[in-house]
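You will see chain A twice below: alongside chain B first, and alongside chain C after that.
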Partner chain A sequence: MKVYRDKRIIILYLFPAIALMALFVYYPLVQSIVFSLFKWASFSPEKQWVGFYNYHLIVSDTATFFTILRNNFFYAVVSTIFQAGLGLVFAACLEEKFMRGTQPFFRTVLFIPSLIAMTVIAMLWQFMYDPNIGMINQAIQALGFKDFNAQWLGDSNLSIWCCIIVSQWQYIGYCMMLDLVGIQKIDGELFEAATIDGATRPQVFRYITLPLMKESILVTTVVTILGSVKVFTEVYVMTAGGPGRSSEVLATAMYRAAFKNDEMGVACAYAIMIFVLTFICAALQLKLSHTGEE
Partner chain B sequence: MFAKKIGSNAWKVFIFLLFAVYAFAIIYPLSWMIISSLKTNTEFFTSPWGLPAQPQWHHYYEAVKYGVAAYFFNSVFITLASVLFSVLFSSMASYIITRFDFKLKNAAFLFILGGLMISPEVTLVSLFKLEQSLHVYNTHWALIIPYTVFRIPFTTFLIRSYMLSLPKAVEESAYIDGCSTFKVFSRIVMPICKPIIASAALLTAMTSWNEFMFALVFVESEKYKTIPIGLMNLKGQFGTNYPRLMAALVVSASVMIILFLCFQKQFVRGLTAGSVKG
Partner chain C sequence: MKSLKKILAIVLATCMSAGIFAGCGGSGGGEAAPSESSGGEATPASSEAAPPASGDSGESFELKLFHKWPEIGKGRDYFEAAVAAYEEANPNVKVTIECVSDEEAKSKLRVMMGADSQPDVYFSWCGEFCYKFARAGNAWDMTEYLNNDPEWKDSIMPSTLNSYTMDGKVYGIPFRLIGKLFVYNKQIFADNGITEAPKTWDELMATCEKLKGAGVTPIAFGNLQPWPACHYITGFNVACVPSDVRMTDYNYETGEFTDPGYITALNYLKEFNDKGYFNNGVNSMIHDVASENFKAGKAAMFYCETGEFGGLVDQGLEIGVFPMPDVEGNGDKGYIVGAPDGFMISTKSAHPEAGMELLKLFTSNEWQSKMVEELYYPSPIIGVHNEQNTIPSLLEAMNYIENAKGLANWLDTDVHTKVSDAYLPAMQEMLNGTLTPEQVMEKVQEAAQIVKTEEAQ
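So, the complex of A and B:
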């Protein structure tokens, strides 16, 4: 049809999306790269070229940089095991015949935390972790350990783990929901045939569910790792990277550099580190989920 | 055979109990939040496990009046605007990409989809500078723009795949009858795409409603703040009146939960179509 070649219409309808993406996504990305090579402050017009000095600054503070990378790494590993791994096992369990009746209930309950703003979740857990009025210490004390008094978020060895636990609590149900839909798409006859042939339930999971869900597992894994690289809100609200810098992650370090220390160049260098890591993950995800194909 | 049967039943009980315990671990903190919001401040500290002697419903009234109400309007306005713009621009782009014929078609699609590879965190500092120089910093637009823009790639992806599966016959006969592109787009294409638009809109609403980082950085004045940031302020403002703060948390959380319980099907369709976590 002739109308399908009308250049005016094409430009008119595509323009808003393309222009907005160019101005507010791609341009800031390029700027982040450029800005990371300068030393500059938020409200002064001067920018001093320093090359890779900002990156050097970050890396040369070895102890902090190591803590940051370690925290993001822990986040990624634990999240992969619990969200991508356990989420799938949970989904498979809920699809078992004896769980079918209660599936809608468990499915909904487990999913609910992922709908609530992370700020709300983080503030709620702050109360639970509180050493004096929090229910976690009180529960442990009620079990008979009267002297138990962990500082949780206030303990530099535990703080990051406290944040990691909250993220798992919030997102296992979310990944489970994705896997559940995936499993329901598998042809039910495969499961029946395997059961008739005498396969046990774990065998069915191992030899039918896992191989057929391979692609979906890869996608959830990558999405989970992506989330771990850019994690910000939970950590910022609960610990702000502290005590000290013990629970600092890349995004909170970036925020601290930009809006606490006014070292915008350093903040941009952190941003580029996040970019490189997330870009690799996102590229993998796009490739695995074939979103680029027809 | 008999022993095996007992064994498998024990497993069933075990798995069921595991789910029951996990569900409890989710329901308990959430109900603790609700119960605490109804306590007096003294009860909150002296009997954190108990039930309130007299439910203090006025905490909800106060939480809404002195805190949430001010932020509520901002959150609703910014969320609605972001949903409207992201859905509108994404549908327009999808319509062109799925129906029209031109050389740079694939390039245009990849340019939009490429946004999925750039996480909002990466652009935080430069967007902050950009918004200052465009004078949108510290206005409603400071959040509407990034919320819209960062949802366009995924929304376009969702709507495009849906449009690809639709037959073109109706549109083409409408063109033959002399309809304009605008009429075909607004009267035929958009209505048919309603299901996927609903899913995309819900997902965008959820991310905009809950977003924290941009809201923390791009808005400075009280009068433009959204609920997630407002809650952080209430914490300081209400001092140690924790039950009132709990009431504010409950109000803010319930909006999305109610929305989900009403539109579960659309939510799940959108989530599973692309597996992208907000």
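So, the complex of A and C:
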């Protein structure tokens, strides 16, 4: 195919995609960087050059900035363990012979939460977390702990964990589905051979499934970690970053700056921080996993 | 053959990429065209033919209205009906309505004001929220128009018009009047032998103590979204801080918040909480859930806005009303927390007079009376309320509001948003016991300092 050797043709074919990317991805990105160096409000045409003041403003509120980064870090760690890790275990379990009959049922049940709109889920959980009428406290009280009275969303130490739990509940099924597809792509003969050689089920998982699932695991970890840096809806709806700033994450802080405090420049600075963090995370993961080498 | 394929490929690829830019060009051209034409026609229309409504000129145009009452069967229907009446009287005007709910309106307004497609007539809170649009040049100066129509101007309660006035210029027309008062469940009060609504702070405390002793939650309070606490503090600040000091502090250019009265005010709120007069889990509950709890009879009292009365009495609840009693302090007494809600007109509007006509219709006796009857909102127009169109609890509330020395505008829309953004979350922490009132004020002082230095630059 001589046509593929012609550079001009290649460039020509790539042009539409690159033009779209440039217009909707790279141009806004560059613009955000530029805008983060100005002080401006969305409703006013005036832009005042302030250099790196917006970044300074974010970082100089040490306590809040630390809380924000800590919350995103917790989110990423827990999400990796539960969604990428436990999701894979669930997928492997569902692929076991004795689960084959009931697999469609569990698959559907676990996957359904990720189809529901996040806002709806967040509001449902908000009711469940209610200390007076909520299901969770009532269930614990019914078990005999009559004086149990956790404030959940209203407690500065618990609020972020309440949000994290909801995200795990929602997305574990999604990651499980991705992993299921990955497992089903593995050649069945490998499992058979291992079983004949006397491998136990956990050993099969450890030495056959895991190594062959590398690509799929990479996808789920990248998706979950990037998701936890960008997390917004559940936190915003359930706690709005409160009480105080205890459950603030990068995205809610960005929203607060943009639409509550009329500081679009600070919001852009947050956006750039989110971008840099996600970029580093993704690059590191791709580098460490050595994908495409096999 | 090969060259034919090549040509075909080039043509297709060009079409694809041309499509992208055609899309951009189209929207750009679309934006430019109307603004050009409206700009060209509007200037003579507004400067020469000012006094008669521009609707009379016969040219047909579109008017965009933005409001914050999207509930079907309530606010949305009311505005649709009012707009229909306006369109019937002005057949050449087509009014398009856009509405989102309260919390979204705050952010949406800010974004819309930055775009070229601003709504002609838009809802806005009063005080600082309105002033910042005026300062950014987004608010049309209504002073002259109102002065040419003294009959209309005089029908509006002066204090409410005042809330939309900056440097002697009027930027907004009040549409409804919101006051914050205590409502109480008459049944629960009677069951616990409380015959009279509390009038003083001590009486309120005694009532709470009595109810608490009887195992009833005295006050329903949900502060998950942190604004309800600031409504308490709005009133306490007025009572505890000398008014000139408060005015200086609420102005973002001079704010310091060092007066000890602010701490006293926070302590009053803390007292409710520490003594257990609020329900369990104040920071875990949104205001709406607190409202539902009150409706379900799970709490005896509820500090709420007059605009919420309708929702309470719709289910047949018997409620009484009393204002927040005055607390000890160096500030003003006899104030009620509240403010008018109103509409402003964009400077980018090509037909501000038509917008004013629409607002005149909203504030006409007929439509205000309809609002009072259907939506149970209190009216800022003099003489609208009567026993026929107003529910008793609202009439009672209006009585308190009219006899109050003044209205204290919501703290969160009255101070600079960055100050309120420090104030409100810190109060949540105070209610959780993780911050003391002194520490709350330290955070507020820090924020005020940052705002001051930033604005000075």
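By our rule, the second predicted complex is superposed on the first by the 254 of 294 C-alpha atoms of A that agree within 3 Å, B and C clash if a C-alpha of one lies under 4 Å from a C-alpha of the other, contacts with A are read in each partner's own complex, and residues count from 1 in each chain.
The rule is short, and it goes like this: a residue touches a chain if its C-beta (ideal position, glycine included) is under 8 Å from a C-beta of that chain, and two chains touch if they have at least 3 such contacts.
Bear in mind that the values here come from a model prediction, so they are computed numbers and not experimental data.
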Touching partner for A:Ala193 - first (chain B), second (chain C), both, neither: neither
Which superposed partner A:Leu20 touches (first chain B, second chain C, both, neither): both
Partner chain in contact with A:Ser44 - chain B first, chain C second, else both or neither: second
First, second, both or neither for A:Val181, with chain B first and chain C second: first
Partner chain in contact with A:Ile9 - chain B first, chain C second, else both or neither: both
First, second, both or neither for A:Trp169, with chain B first and chain C second: first
First (chain B), second (chain C), both or neither touched by A:Val77: neither
Partner chain in contact with A:Phe259 - chain B first, chain C second, else both or neither: both
Doubly contacted chain A residues - partners chain C and chain B: 3, 9, 13, 16, 20, 23, 127, 133, 258-259
Sites on chain A touched by chain B in the complex: 1, 3-7, 9-10, 13-14, 16-18, 20-29, 31-32, 35, 90, 93-94, 96, 98-99, 102, 105-106, 108-113, 115-120, 123-125, 127-128, 133, 135, 138, 169, 171, 173-174, 177-178, 181-182, 201, 216, 219-220, 223-224, 226-227, 230, 232-233, 236-237, 251, 254-255, 258-259, 264, 267-268, 271-272, 274-275, 278-279, 282-283, 285-286, 289, 291-292, 294
Residues on chain B engaged by chain A in the complex (per definition of touch): 8, 11-12, 15-16, 19, 22-23, 25-27, 29-30, 32-33, 36, 44-45, 48-49, 88-90, 92-93, 95-97, 99-102, 108, 110-119, 121-130, 145-146, 148-150, 152-153, 156-157, 164, 172, 175, 181, 185, 206, 209-210, 212-213, 216-217, 227-229, 231-232, 235, 242, 245, 249, 252-253, 256-257, 259-261, 264, 268, 271-272, 274-277
Complex contacts: residues of chain A adjacent to chain C: 3, 9, 12-13, 15-16, 19-20, 23, 39, 41-46, 48, 50, 57, 126-127, 129-133, 149, 151-156, 239-245, 256, 258-263
Chain A contact footprint on chain C (complex, rising order): 2, 5-6, 9-10, 13, 16-17, 20, 24, 106-107, 109-114, 132-133, 136-138, 224-226, 279-286, 289, 293, 298, 417-418, 421, 425-426, 428-429, 431-432, 434-435, 450, 454, 457
